[in-house]
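Across the two complexes that follow, chain A remains constant while its partner is chain B and subsequently chain C.
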Partner chain A sequence: MPADALGMVGNRIRAIGASAIGAIARLGHASRFLIAILVHSPGAFRRLHLTIREIYFAGVLSLVIILVSGLFVGMVLALQGYDVLVRYGSAESLGVLVALSLVREMGPVVAGLLFASRAGSAITAEIGLMKATEQLSAMEMMAVDPLARVVAPRFWGGVISMPLVAALFSTMGVYGGYLVGVRLIGIDAGSFWGQMQSAVDFRQDIVNGIIKSVVFGVAVSLIAVFEGYYSKPTAEGVSSATTRTVVVSSLAILALDFVLTVFMFRGVR
Partner chain B sequence: MSRSTLDLWVGIFVTIGLGAILFLALKVGNLLTVGNTPGYRLEANFDNIGGLKVRAPVKAAGVVVGRVEDIRLDPKMYVAVVNMRIDQAYTFSKDSIAAINTSGLLGEQYVSVDSGGDTTMLKDGDRIAHTQSAVVIEKLISQFLFDKASAPPAGAKP
Partner chain C sequence: MPAGVPGGPRAPYRSPLLPPLDPAAAAVELADVSFAYDARMILKGITMVIPRGKVVAIMGSSGSGKTTILRLIGGQLKPLSGSIRVAGQSVPDLDRDALYELRRKFGMLFQFGALFTDMDVFENIAFPLREHTSLPEELVRDLVLMKLNAVGLRGAAGLMPSELSGGMARRVALARAIALDPMLVMYDEPFAGLDPISLGVVGQLIRRLNQALGITSVIVTHDVYESLKIVDYLYFVSEGRIVAAGTPAEVRASSDPFVRQFIDGEEDGPVPFHYPASSYREALFSDAG
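So, the complex of A and B:
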């Protein structure tokens, strides 16, 4: 009986070990996939219209959701921020609050999450379905490299779109904060913009925000093409790969954001 | 969708995206006016700068006339040396007084410069001789408490 229990415990530990090794192997697999994409990128850039097409699907078609949610996030930030700031008699700092939280955190992170669910899932489903219907194998038969023809353009389309989308999100958010703070609540427009401009630093805040959004763009695009390319070629496999893309890239964005924030803003002020 | 419409849409997207970055840099971050501000430097020594930070405003009569550029400690005198860059449009007399004030109860600290009556003006690199340090709230409170404690209680017979 004790030997049996010991065997059970042993199996449990073995399962934990196997899943840990599996996760590490998947990470290594994804890294090698990234290098393969980078190696095939020059070939993809020679046919630039492929990448432009993917920027259209990843970026232009995400515009509506990004602009609308940016506007609303900014307006809500202004309303909530005003509620707290007015207790300390510093309602004029609303511009600082809205701009700093958008440029440093909310812009890259929320735009990244939206981007992952809007564009990342579409990329995974498309590549996964191409694989399930054996289009990728057919390309290989015709000596067309699917990495250069299908994967690299989608990867670069996502990487290029993401920083632009995040900047648009932040801009709309600041405008939404202006609408609520100045137009609705009636804070002085001069002190709204003036305090914002003296508190937001270009290098420290805006450039770091752009760096964040580039990193998120690489992470989301890589996860999306990776999950699609290695999905099981069945209807079920494609659907679970799409789900995994959204879940894994959302978690990756939040984790990377923490790590980047620690390095970027630890020594500030 | 034909390729030219696709190109058009992507072109619009990239343009407004770059426009957004430009907006953030210029309107939110105020890249143009900070960094290459023309003006002249003034120096002032303070016994205590409290919570003064680099890039804090320098005000005269409440109007922003410059920014704090650099704060360091004089290793021999143990005073804080504050370097300020003042807008070229404003000049201050030699006997000006620089003080560190707080805007509001919990607001940011800034340097206020009050011009005196001297006819010679401060030039680039000059030092403001008369300064008034930041008020440290803890010191103020402890001073008040000690005064209270040492004073005879109200109603006590002398």
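So, the complex of A and C:
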């Protein structure tokens, strides 16, 4: 029936509109939440041990997965890169390829995705469970603001940890590239390191990579604390909030990476 | 005992057997308080007085709005209408700083304790002391041990919340609730899920601490037998209204149908067994489905 079909199309459009409005409203809500965190941050920094504890949980406890992944990503990059470079007689540039790939892109992005899965989900689950078991309400009733005591330290713990784990990821990746390129394939070590040193620019490559990882750190940490704080206080609510953290953080990292790359590396070399 | 106050009278609901309350003696006053979650009315004109130094129970079946009353008193929710005064201050009108200042005089025991799971028992009780005072560490230690001793758990100071039984967790939460010597302690279902021994221990602790510290206690519960042993006054809430109130002696002697159903645990009465539905016969013999 045409009328029915028209009705279905109308409903579909209405549903798309409603979800778009919902997404924008949620973005606005998250922005206000970020401002609230920033307002409560001085209090969190006054008790620095809270933030240091979160750096340990978000950063140090993520090190195993970050370092192992970095090593393997670097080794695979070297194998794949060598296969291409050798066709053009540029196998000596393998160090440059590995280093630039890692420092500019793979380091911040893959470390960000791993960080979202390991630390972001843990932050959301912890805050969500604290809410479900009324620990946040108990804090409020003790005249202690959970934003200052629980949320702000976890947010800053994530923001500070992210660039550090991204740097370690890239370092391990370069070492993995060295193991495969120099030790396994037999490329000259001097060319590997020398070309890398001359081609990688500190300001253009390393600083931009650090900026990316800081931006990803802010995005992942904000999404993690936001989803946890506003999760439904049930087992199902915490579970879906944790899943949302990983999915939304991963998409945010990829989208932000594209935007940042457009601005940072447009027209470079 | 008169029936409730449908529609919510302006004057506090009181048992006619009680002498008039001195308003200055009230720790908490609720006058004609209504509250709704979205369009669903939870409280419809609640009026009650909680005198200083007394133990008052708010009783009612699950979903009757009892815990909402505690959250309104604590300022976690704002009423739709009516006034809520604690220690003479209008709670809904307080700004954040004033509300937090008032909450420092509160203690609250949550249904399952709400202990901080990343801290041991000692640190849980030290938490409010560390947050709100700058006492030296030795004094914090002494105060925590005194509070733990009061609830009989000094030996459990080093345990984590996951290592405590339900009754022990409730007692630790009680010690934490009185850590700052509050004027008002609110208990949300303090007896839920406890074995008879733990239940008796927690009940007697509430009574003893109330007398020893001179605090005012508000207990939200549906455990009628334990409450009758320890409280000075009871309010019965059903469907967002106060439907009965009185002292334990009045409640025991009451012929009010709601109170009788509640005390005797009858499955049907003013609180119906069946959720509202269409006719059973019609549902069975209709063509639908």
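Methods note: the second predicted complex is superposed on the first by the 261 of 269 C-alpha atoms of A that agree within 3 Å, B and C clash if a C-alpha of one lies under 4 Å from a C-alpha of the other, contacts with A are read in each partner's own complex, and residues count from 1 in each chain.
The working rule: a residue touches a chain if its C-beta (ideal position, glycine included) is under 8 Å from a C-beta of that chain, and two chains touch if they have at least 3 such contacts.
Here the structure is a predicted model, which is why all the values come from computation and not from measurement.
J.: Given the touch rule stated above, what does A:Ile52 touch, chain B (first), chain C (second), both, or neither?
T.: first
J.: Considering only the touch criterion stated at the top, classify A:Ala138 as touching first (chain B), second (chain C), both, or neither.
T.: second
J.: Of the two partner chains, chain B (first) and chain C (second), which one does A:Ile123 touch, if any: first, second, both, or neither?
T.: Neither chain B nor chain C is touched by A:Ile123.
J.: Now for A:Ser198: first (chain B), second (chain C), both, or neither, which partner does it touch?
T.: first
J.: Which parts of chain A are touched by chain B and by chain C alike?
T.: none
J.: Flag every residue of chain A that touches chain C in the complex, lowest number first.
T.: Contacts found on chain A: 129-130, 133-135, 137-138, 140-145, 149.
J.: How about chain C: which of its residues touch chain A in the complex?
T.: For chain C paired with chain A, touching residues are 74, 76, 100-101, 103-104, 106, 108, 110-112, 114-117, 127-128, 131-132.
J.: Looking at the complex, which residues from chain B come into contact with chain A?
T.: That would be residues 3, 6-7, 9-10, 12-14, 16-18, 20-21, 23-25, 27-31, 33-35, 53, 55, 57, 104-107 of chain B.
J.: What does chain A use to touch chain B in their complex?
T.: 49, 52-53, 55-56, 59-60, 63, 88-90, 99, 103, 161, 163-165, 167-168, 170-171, 174, 193, 196-198, 200-202, 205-206, 209-210, 269
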